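Should a chain be cited, it is by its letter among A, B, C, D, E and F, assigned in written order, with residues numbered from 1 in that chain.
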């Protein structure tokens, strides 16, 4: 399958999803928002891979939402039109759902960031599981510079990655925050000298995760997301119930044997979702 | 369009969705679960009607989930199979989403119940906005009689319709609760002598709601659902923000004028969702 | 002190707050919204009474928000004006805060309803502790008839008074619900033959509540409001902590002695708030 | 085993727990609070019965907390003593935990109320699953009459049984509410002519519940309690996860066969908790 | 206007609020708690500035709550006095509300800290949007050293600024934490060599924020505060609704043009609140 | 008293709880899970100490849950057995409760970590108040390597100690994270050169905390735990209510006098829980 904004390669259980419009600074045009969840669901629901790596090329990781899209959102130029608000709501919810597909799929999504990551690009990376950057990468909650309040997911998620006071400074000033500061503040897990080094390390990590038992990885992803949004008591109870049926003796046995024998484990893929539809 | 389990008629802004397998006691077979959300979304997202009425014919409103489906859920007979739990989860979430389409759509759903409403049928009616019944109708949280705990939505929703102690008795005993008790306990809004009287009254009410400004009706549906699941403080704040853009002077003016002139108002439909997709 | 929209009389520990514009159907004009919280706070914070009774006279208990106010809300006719939304938000929050003063004060507020109670009037009575009506009284969530979604507090609160399905029907149709139905559905505590009978009964009850230990009554009001918006576990913990300092041996002793001796207890008023300001 | 405040009889899967101090109006003395959770846990954790019926005899179902206990709570007469608050907190939490054992055990608890139910007795019955009363029974949130705010569980739970306005009236006035009003307001499920009729009906119902599959009944109890305290979305997800391992094919098969053959099903008891301790 | 504890200067859209009692170590006396919210509201509600900078001079940024105030809180020496608890509650809620004015106002509050910041001073700075310190500044959750549990806001807020384990150590030991550790742990955004350097940098940043579109900055402040206290799903929905009316085409256009033309944008102030009062 | 898995020494108000099976890598066998809460409750409820230090010896701080226990959990090898899920749930809840005793007791728990901390060991340390490590210590969320999703408490708690992206990486890869990274990411408060240096520093800090007023320390522990799981508004209100009875003038006076006189304060122990049982 081919896409306007992405190239997708799958190997060794890892789906590498690359933004492919570096000459357009990988701006998030209408096709971007529509293709991203379609790609993620195709990989996840058909169990085509066990991990996703989201990367980009060129001087800009992502220029953020394409300015041309503003004219479409809300579907009416006149905010007094009866349908303006209801149309706007539909549109923004769809944009949010596009990025939330990264959080809601069953498999981890690693993202590798080079160069600038602007506005909507920050929404994008905060919805991924982990973030890695090159030494020259930076992020900016750019919306303030174009008179907007970020609305596709930055604030609901970034507070889990960085202290509140840092988030506020970035949001009010729109200033750039470089890779090292992104790492020391919690947003990035690691910083690499250049793009090649980063991609090599991130792909290695992705392959390693793909070698782990997929059901257990899925359980971790779900438990972390759940814990983030619930009280300690609720999260403890939830994981106890989950594991009533999700601790799989045969998978555990295989994991332990493989560990002892220093070989890769042979684990079942997650069950596909698509084929189960009536 | 034609469906296996439903007939759909649209007139006067009201979509009448009728379960059409009375000879099979309107059991909820696989096609039922797949068609229901498709129908609801088609009506809602294409703004084909402003209200939905869900009804049935025959001696049984709904026999609940079809027993044959149990064999499919989870996709494996062996609960020790690694994928059993994950498959089961996919399946139940899909069933839940099917009924939640009634709650999540933007327009009210009235349901008119005759005869028996069993098990999954109770899940179905609790996800509707309002419930009306004939004098000989009854409900039963039947699952306990087949060794199950109701799981497609009864308990999360029915506690908003009836006192907790009544719900517990129904759940533990699986006993039938007749129409009058359903009304006095809060589950039914009204009881009618027979099916014809009920359908006449419910369709009248549906047409009346369809004559109201759709944006305001949508706002009410959303605010009630939101209020049910949030604190008073959160709900107050939420409706204030919603109305920042959802109080439409032209619609208000038309509503007032129509009221004064004792004529039907001329209001805009909700904006379609489908055509806005990229 | 004199007010445009209210008469206030205090006797026997009961502040009787009467809407005094029956000829204007007690429409909620700008002065209404400003005076109500001022009156409530004056009574509560200066410990002038231990209970408030809110009543009205004339054929209409309350006609709801005065139509003239719509022109002011948002402070700009053009919804495209940069400040429209922010101004609207300020205005609606102020209206909400006006009614919430009834819920947030430390003493119970009983309301006695005769005739029609429209729109904003429903917001008003749902923010009171208890509601009583005459046989000919009725309520209507009237907003839908003027193209609005009720926004000053109806939905966040009324779901605690009536089953969800009834609320939805009232909201979507704007129909009148008579006193007896208000009682059987939970909104009204009692229905009386006429205004005089109602006022006599409600004032008697108010005086009885005023004879109870004010700190214990305050504790009940707070615990009920808190319980409504929190989980059972949180509410149990909260009341345990509250009573660490709020069970007063001298008040309990006096209550028991007074009970035995069949005389009125001699209890301390709540401490005034005003005089404690720096 | 013998207890100071209770007689316990187990037959047909039903544990009948009777308060046995009618001559003392079944006042809740220190032994009451200690014995109740011990009895409930013994029955539940050792799987001695599948349902509990809590009843009483004499003119008073429960006189509420024994006045003598007030002197002990907090363990110090001087509220200025450093340890007063911390001791009081320990004591009230223990009282709360005593009653919460009824809610937290895995099996349903039905309670049959005759005569007066005062103060702490209301805390007691609201923690049960269902409430049934004789025609001459009544309840009173009596605490206000002795200068207290109810603190062992009335408010956190009773709002799920009755409309908020009724609860407030009962709490502020301390008035008695008779059996028929208890039923029409939601607190009681049914009212019976006299004690014998009630006990016969309640024991019949208890035996019927005991004949249902215990795991499914347990699932219902848990799901209802969970749903009461969580949002619809959370409750839907939780029951889906629970049923991943709690739908038991063999139990379902037996339930359906027994139903067809009009015989009692042969179901497994819940697994005992005690014997599992390390 | 002149104040006992503060000097206020407004220039370039920035209100500089300086604690002016260095010789008293800027102890938070009664006047402090009363003046602070009055100043903040005056600036915010009358739209006098777009950013607040809170600073101090002398060897101690803030000595915390003045010891003399303890005698007043609760208004009675005898904790057995019936009104003690209720009075104490009023007093502490007022202190909390004083500091919460910094969080609840619509504009960002930056604070610049030199020297020691003790006890109540930590409550103060955690309620600000961002914190900056000199190299010799430090904080201490000092309350433990005077036998108290911090109660005006430290714990509810500081957990959003620092890992839980660090907060616990500071709370239990009352030790000082120096500026560099404050920065590396997340509490401070930046550390400067001396007071002059800090003030210059902080005022520069404040002026830059004041040059951004005020509605968008307000939207960010609100969205971050909201996101902190709500689930991801709730926060995503909330910002979508907010932006239905808060994305202002004219402001966005001006922001983009100003950016292109490398000039300051010409944006509307927030609408004043005061003048809207009835 | 003597234990299989622990040595307990109490001196200077500090209970030193040492894992004593270094030759078995301090694996968490059945006795471990049963003894830990018994020890913690004995110390806390009998007020035997004011602080707990949890440490270990040997090359491995904790090898995590003993593999032998897996066979017991759920009490049946056949996951199709009707009781499997219910038994598993009982077992996991008991394991969770064992570790939660550290969080729920009234006194701080410091833990000092040397060498490797694996799987269940991470659950253990995240339930403590503060974590300190030797330079050669490391942690690993090891469960993924044996085909499991961590279920005894890692995810519900560790997100309060470290940024979400780091947690996800550790969970999915099972990699080791060394002491310095543990510190810079927030999990460890401090890193020491070797075991002796660490124990000396941690015991010093424990003794210092033990010298503080126990009621105030208890208040801090409770307020921090409460704040972590509730909104800012709820947490502010809760601490205000707590301190109504928990600010103790005599303790505050003694704390201030002791501070002035540079001597240890003489504070009351927490009231014992055990002796209060009926």
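Please note the rule applied: contacts are C-beta pairs under 8 Å (C-beta built on N, C-alpha and C of every residue); 3 or more make two chains touch, one makes a residue touch a chain.
A quick map from chain label to UniProt name: A, B, C, D, E, F = Enoyl-CoA hydratase.
Source: prediction; values computed, not measured.
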Any chain in contact with chain A as well as chain B: C, D, E, F
Required minimum of steps from chain B to chain E, each step between chains that touch: 1
Between chain A and chain F, centroid-to-centroid distance (C-alpha), Å: 33
Averaged-CA centre spacing for the pair chain E and chain D, given as whole angstrom: 48
Residue list for chain E, restricted to those that touch at least two other chains: 79-80, 84-85, 88, 162, 184, 215, 228, 230, 233, 241-242, 244-246, 248-249, 251, 267
Touching residues (chain side chain D, partner chain F) in the complex: 30-31, 33-34, 75, 79-80, 82-88, 90-91, 94, 215, 218, 245-246, 248-251, 267-268, 270-271, 273, 276-278
Touching residues (chain side chain D, partner chain B) in the complex: 108, 129-131, 160-162, 184, 186-189, 205, 208-209, 212-213, 215-217, 219-221, 223-224, 226-228, 231-233, 235-237, 239-249, 251-256, 259, 265, 267
Chain D contact footprint on chain B (complex, rising order): 67, 70, 77, 79, 84-85, 88-89, 92-93, 96, 100, 103, 143-151, 153, 155-157, 159, 162-169, 171-174, 184-185, 228-230
In the complex with chain F, residue positions of chain C that touch it: 230, 234, 238, 241-242, 244-246
Chain C-touching residues of chain A, taken from the complex the two chains share: 78-80, 233
